[in-house]
Amino acid sequence: MDIELKCNRLTCRTSLTEKAVVTTCSHIFCVTCANELFNASRLCPACETSLTEPDDVVVCSLQPTNDYKTSVLSGLSPSTILEICSRAISFWQYQIHQENSFQQAVLRSVNDKNAQLQRQLDNVVREANSQIELLMGKKSELERDLEFERKKVRELQEAAREQSKEYQKLKV
Amino acid sequence: MDIELKCNRLTCRTSLTEKAVVTTCSHIFCVTCANELFNASRLCPACETSLTEPDDVVVCSLQPTNDYKTSVLSGLSPSTILEICSRAISFWQYQIHQENSFQQAVLRSVNDKNAQLQRQLDNVVREANSQIELLMGKKSELERDLEFERKKVRELQEAAREQSKEYQKLKV
Amino acid sequence: MDIELKCNRLTCRTSLTEKAVVTTCSHIFCVTCANELFNASRLCPACETSLTEPDDVVVCSLQPTNDYKTSVLSGLSPSTILEICSRAISFWQYQIHQENSFQQAVLRSVNDKNAQLQRQLDNVVREANSQIELLMGKKSELERDLEFERKKVRELQEAAREQSKEYQKLKV
Amino acid sequence: MDIELKCNRLTCRTSLTEKAVVTTCSHIFCVTCANELFNASRLCPACETSLTEPDDVVVCSLQPTNDYKTSVLSGLSPSTILEICSRAISFWQYQIHQENSFQQAVLRSVNDKNAQLQRQLDNVVREANSQIELLMGKKSELERDLEFERKKVRELQEAAREQSKEYQKLKV
C-alpha cells in the first residue's frame, strides 16, 4: 500500500526505496543527486532554502531495522514523540501533495497535447479533402477537355475523309 | 496541504469536505450516495464487503470541533490510542493510494487516446498523400493526353488546310 | 503493561476498566460517580471547570471493539488524526502525573506517620525507663529502710531479753 | 506535565533531563552509569539482556533541537512512522510502569516499617507497663512490710518502757 516517494529533482524522479537524503524544507533526493547538488551548494535544489544547520540535510534509511525503529525515539516524552511523528507525517503529506500536483500537471499537459492532435487531425483532414476536391475538379475538367478534343479529332478525321473522297471524284 | 478525499462511488467522486460516511473496509462516500447505497443493501459499493456490524458504516465529521478532538480518545491507554491512530492513517493512505491508482489509470487512458490520435493522424496523412499522388498522376496523364489530342487537332487542321488548297488548285 | 486510570473523585478512586466518563478539562470518573456528580451540576468535581458544551462530558468505552478502533477516526486527514492522538496522550499523561503526585503525597504522609511513630516510641521508651528507674530507686530505698527497721527490732528484742534477765535476777 | 524518567540503575536513580542511554530491552541509564556499565559488559544492568547489535544501546538527547525533530523520521512512510512512534510510547509506558511499581514497592516497604514500628511501640508499652506494675506491687509490699516492722519497733519500745518501769518499781 505504501506509496514510494520520488527524487525531487525534476530531471531525476527516481523512486526512492532504500536510502535517501531529506531536508528540513521538506524535500527528498536520491543519494546520487544529493551528492552532486549539495557538494555544489547548501541551497535546496527544489525550493532554494538555505540549509546551513547540521540536521538540515540528513541521510535516512527508508527501510530501518527493527532495532533502529525501537531505539530512535526511546526515552523521549510522549509529547516530543508525537511532535516528531506529526512533522514526519507532514513531510510525507507534502511530498504526496507535490507528487499529486505533478501528476495533475502531467495529465493537463497530456490532455493539451490531445486537443492539439485532434485539431491537427481535423486540419489535415480538411486540407486534404479540399486539395483532393480541387484535383478531382481539375481531373473532371481535363477529362471533359480531352473528350472535346477527341471528338474534334474524330470530326476532323471524318471531314478529311469526305474531302479526300471529293478530291478523288474531281480527279477522276 | 491537506488532500481532500473523494466519494468512492466512481460515478460521483465529489470532494468530501464536511460530512462523510466511512466503512471498516476502508471506503468513504458522500452522504447522498451513502443514503442511496446503504439503504438498498449492506454491501460496500466499492468492494462488496458485507457490513453488518454497528460500527461498520459510520457517519463522520471531517471538520471536528476542538471539544470533539479533545474528548474522542480521552481515557484510552497510549497503546490503544496509537492503534486507532495507525488504523486511521492506514485508511487515509489506502484512499490516497486508490486515488493515485485512479489518476494513473486516467493518465494511461489519456496517453492511449493520444497514441491512437497520432496513429489516426499518420493514417489520414498517408492515405491523403497517396490519394493526392494518384490524382496528380492521373492529372499529368490527362494533361499529356490532352496535349497529344490538341497536337493531333492542329496537325489534322493543317492537313485539311493543305488538302483544301490542293482541291482548289485541281478545280481551277 | 497498561496502567489503569482511577476515578478522579478522591473519595472513590475505583480502577476504571470498562466504561468511564471523561471531561475536556482532562478528568475522568467512574459511571456511578459521574451520574451522581453531573446530575447535580455541570462543574467538574475535580477542578470546577464549567462543562456546558455537548462534547465536554463524554462516556467512553475503555475496551473499544476492533470495528470502533477502525472507524472512529477514519476519513480524517493525518494532521487531524495526529492532533487528536496528541490530545488523548496528553490526557493520559496528565492522569498519570496526577496519580503520581497523589502517590507521592500518600508516601509523604506514610513517611510522616513513620517519623511520628518513631518519635512516639522513643518517648515511650524514655518515659518508661525514667519511671522504672524512679521505682527501682524507691524500691532500694524501701529495702534499705526495711532492713534498718528489722535490725532495730532485733536489737530491741535483744535488749528486752537482757532487761528481762536483769529483772528475774533482781526478783530472786 | 512531562514526567522525568530516572536512571534504571537502582543505586543511581538520577532524574534524566538532557542526555541518556537507551537499550532495545526498554531500559534507560544516565551517561555516567552507562559508561561504567557498558564498558564492563554488553549485558543490560537492569534485565541482563544481551545487547550486541549496533542500535541496541544508543545515546539520545532528551531535548532534541527543532531541526532534529523535523528530520529524524522524514522520508519514512506513515506506517513506519507510526510503528516507531508506538515503540517509543511503549518504551515510555514501560518506564512509567516500572517507576510506578518501584513507588508501590517503596510505599509497601514504608507501610511495613510503619506496622513494625507500631508493633514495637505496643510491645514496649506492654512490657514497660508490666514491669512498672511489678515494681509498684513490690513497692507496695515493701511499704507494707516496712509499716509492719515500724509498728513492731513501736510495740517493742513500748514493752521495753513498761518493763523498765516495773524494774524501777521492784528495785525501790
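Residue numbering begins at 1 within each chain, and the chains themselves are lettered A, B, C and D in the order written.
Going forward, a contact is a pair of C-beta atoms (placed from the backbone, for glycine too) under 8 Å apart; a residue touches a chain by one contact, two chains touch by 3 or more.
Going by UniProt, the chains are A, B, C, D = RING-type domain-containing protein.
The model shown is predicted, which means the values in this text are computed figures rather than measured ones.
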Selected pair, out of A-D, A-C or B-C, that shares over half of its residue contact pairs with B-D: A-C
Centre-to-centre distance between chain C and chain B (centres being mean Cα positions), rounded to whole Å: 78
Averaged-CA centre spacing for the pair chain D and chain C, given as whole angstrom: 15
Multi-chain contact sites of chain D, meaning residues that touch two or more partners: 1-3, 77-79, 82-83, 85, 89-90, 92-93
Touch-based graph of the chains, sorted into line, ring, star, complete or other: complete
Chain B to chain A touching residues, read off their complex: 1-3, 78, 89-90, 93-94, 96-97, 100, 103-104, 106-107, 110-111, 113-114, 117-118, 120-121, 124-125, 128-129, 131-132, 135-136, 138-139, 142-143, 145-146, 149-150, 152-153, 156-157, 159-160, 163-164, 166-167, 170-171
Chain B-touching residues of chain C, taken from the complex the two chains share: 1-3, 5, 16, 20, 22-24, 26, 28, 53-56, 58, 60, 62, 64-65, 67-85, 87-89, 91-92
Residues of chain A touching chain C in the complex: 77-79, 82-83, 85-86, 89-90, 92-93
